[in-house]
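Only one structure is covered here, and it is reproduced in the block below.
When the chains are written out, they are named A, B, C, D, E and F in that same order, and each has its own residue count from 1.
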Amino acid sequence: MVDWLIYLAASLAGVAFLLALARFIKGPKATDRVVAFDVLTIISITGIVLVALAEGRAIYLDVALVYALLSFLGVIVIARYLERGF
Amino acid sequence: MMRRLRDSLVLFATLLLFWVMLMGSLAADTLIVGVMASLVIALLFPDGLSFFTEFRATPRAFLAGFLYYGYFLKELVKSNLTLAAIVVSPSLPIDPGIVKVRTRLKSRMGRLMLANSITLTPGTLTVELEGEWLYVHWVRMESADIDAATARIVAGFEHYLEVMYG
Amino acid sequence: MSTIMLPMALLLAAAMIGAALVAIRGDSVPIAMLAAGLVSLLASVLFLLLAAPDVAMTEAAIGSGLTTFLFFFVLGRVRGDSKHD
Amino acid sequence: MIKRFTVLLLLAGVGTLFAGLLLGYSPDGELNATARYYADHTAPDIGAANIVTAIIVTYRGLDTLGEVTVLFLTAAIVGLVLARGRRRTRTEQRELPPSGELLTTGSRLLVPLILLLGVYVFVNGHLTPGGGFQGGAILASAILLMLLTDPLRRFSHRLISALESTSGLVFVGIGLLGVFFAGGFLDNRILPIGNLGSLFSAGVIPVIYSFIGLKVGAEFSSMLVSLSETEDS
Amino acid sequence: MAHIALATGFILILIGLYGALTNRNILRMIVSFTVADTGVNLVIVAVGYLRGRTAPILDATLPAAEAAARIIDPVPQALVLTAIVIGVGITALMLAYAYKLHETKGSLDIADYRELKW
Amino acid sequence: MGAILDIIGGLLMVAGTAFLLLGGLGLIRMPDVYNRIQAGTKATTLGTLLTLAGVACLRPEWLLKLLLIGFFMLFTNPLSSQVLARAAHRIGEDKAPATRIDRLAEDLGDKS
């Protein structure tokens, strides 16, 4: 029962990932792609947590923490670049 | 002087809490390393802020903190459902606009928390914070008037944050 | 439960190839850099699926993070060049 | 036209090679002899829970020394190449858009936490994924966040290079101590091995990794700082 | 799984190679280089993967006695760790040179640099 | 007891990923970049938080680390979307034709 719920959750996340990927490839503007990048990385954090759950290893969660930090910094860097902030 | 010392102490305590949560243990060796690391960072960054820097630490403020989180979670779920209804409906009933609202908060942490809360509740997105004015992008604009929009967007959060941070 | 890993790997592989194509054929240089950063970030999830958390963390922090930051710093410096195609 | 044709021909050749490799690849069912040695001997001999860390810091420690040296040379060359340009001064950069109150407050809140996360990653290199290189990169990310918030902020080059060279010297010094007190250069058994899985275990590995982390962080920061100080063209 | 990762890595190498050879902008060539770099790392890690095994980090769920039977090959991971760090060093160097080239000639088009062509 | 907690965890995860899906859908359907930020990053933040809560129900021993990830995301995500929205506004990104007023542009126009 729980396994099936997890499968359902994983497939929903997968569809969301595909939708965001479509927005990333389509564009049309740079800012749209940055939003898509943000959403893709947030969904990937869910993916990392799902992998940790499937493998049953708590140590994988450290990677999720670092990943969250890096995706945040990436968006800030690009936003500051776009508004010519550095 | 006293104020900066107090800020540094609060930062040190928050960092230590963060460290204990990261390590997930209270053993002596982790605490020794954690105290050392937190102390060095707190000394290196005297202008560092922490979650509790300007917190008032009165019983009323703690109570307001709890109520704030309850209210915040309620708003978060409610507005997410509203946005979900917008996204799913075929006609996409949006009516966007950038409105101007006013805040009375003075402390830096309080203002940051207010802007973050407004942003996290879907439907509203803080674009700019300048002085006492907040510029908010609103997906389904209900009113372009400053006072009406303030009452609708800001007042709920501000009510609690004012008690917590001032 | 580990059956979710195979579709996940396929999805990531498709996303990485798509992002890599954007990286070499995108409309502008910043988009290409963003796409290269995305390739690295997704690669780090794939490394995690390949049971290599150490490599995943290195790829996220260094391969994706720092490389992208360096790219944007340099791009900010050479801005104003009309030959960005 | 000829160029494009040559490129496609080259790609087709490399692609055929790769396709052959891919089709002929069959995964092993068992670990090979080297990996088996590491798997069996790491826990009793080195005491590190993370076998990759044991390989990097102890078994192949000399390679890591070389790696850190390469990184140091890179940072030095980047600094040298970029040093000739005119430095930006505060007055001529007035037109830079300010970062806004939200980002300023947010970065003052987040920078200490990010630094602590970096310290966590390299202190726990022998227990969890991560280590000196990743931790150093996270430290440099905190510096980057400060640079983004205030592009005109100046960091002392002298402080960064002092931190960098001290950490390098300590790293080599610990390695040499291994020659005298234990089995060889960079041997970790100067300190007791301790219990597997506790923070103070695996001999001197956490200490070495901490210094590698500080050194790598200083090197990446110096790269970012020298890039940010160059003039806009 | 190893096959998927291997195939992705190979395709990324090919894409990166194609981009590096056909683009004229120096920055885009460097971007293509990093894509190929990621592909190479992916291939090396995929070679060390063994089906149904877990990461080479011992903890409560993986005692030392079972390590040899349950972990994947740690050696390629250590190699790739080094490769990523050196890769960012190389990228930084290339970027610094690109900046210097732009400073001297004001252009990033590779066709404008003909001094070494014969 | 454990079985009930497991079911709750699974349901929370499904609810969370459903929000992720809504975020992706909003990203595709919304007409301009501000509305895309609204739909994309906010719904996914709530989705990830719910998923983390679900995993915490399935594995109570991971609670502290998951709490930390959630807390971290709660602070970083709104910050990054604010900075992005501000950058989009500064470079004059197009607004959807339906947008009625833009007080920020009006005020900026007054100053200059």
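For the reader, a short list of remarks on this structure follows.
To be clear about the criterion, a residue touches a chain if its C-beta (ideal position, glycine included) is under 8 Å from a C-beta of that chain, and two chains touch if they have at least 3 such contacts.
This one's a predicted model, so the numbers in the text were calculated from it and none came from an experiment.
Using the contact threshold fixed earlier, the set of chains in contact with both subunit B and subunit D is F. Shared contact partners of subunit A and subunit F, listed by label: D. Note: the chain lying farthest from subunit E is B, by mean C-alpha position. Contact tally for D-E versus C-D: the pair with more C-beta pairs in contact is D-E. Centre to centre, using the average C-alpha position, subunit C and subunit F are separated by 21 Å. Between subunit E and subunit F the centroid-to-centroid distance comes to 31 Å (mean Cα coordinates, whole Å). Centre-to-centre spacing of subunit A and subunit D amounts to 24 Å, using the average Cα coordinate of each chain. The centroid of the Cα atoms in subunit A and the matching centroid in subunit C are 12 Å apart. Each of the following residues of subunit F touches two or more other chains: 25, 37, 45, 65, 68, 72, 75-77, 79, 81-83, 86, 90. Multi-chain contact residues of subunit D (touching two or more other chains): 50, 52, 97, 100, 102-103, 106, 109, 113, 117, 121, 128-130, 133-134, 138, 141, 144, 223, 227-228, 230, 233. Each of residues 18, 22, 115, 126, 128 in subunit B touches at least two other chains. Touching pairs of chains, sorted by label, consist of A-C, A-D, A-E, A-F, B-D, B-F, C-D, C-E, D-E, D-F. Every residue of subunit F that touches subunit A in the complex is listed here, in rising order: 6-7, 9-11, 13-14, 16-18, 20-21, 23-25, 27-28, 33, 36-37, 40-41, 44-45, 47-48, 51-52, 54-55, 58-59, 61-62, 65-66, 68-69, 72-73, 76-77, 79-81, 83-84, 86-88, 90-91, 93-94.
In the complex of the two chains, the subunit D residues touching subunit F come out as 97, 100, 102-103, 106, 109-110, 113.
The touching residues of subunit B, counted against subunit D in their complex, run 11, 15, 18-19, 22-23, 27, 29-30, 33, 37-38, 41-42, 45, 47-51, 108-109, 111-112, 115, 126, 128-130.
Within the complex formed with subunit E, the subunit C residues making contact are 5-6, 9-10, 12-13, 16-17, 20-21, 23-25, 29, 32-33, 36, 39-40, 43, 46-47, 49-55, 58-59, 62-63, 66-67, 70-71, 74-75, 77-78, 81, 83-85. Contact residues of subunit E toward subunit A in the complex are 54-55, 57, 59, 61-62.
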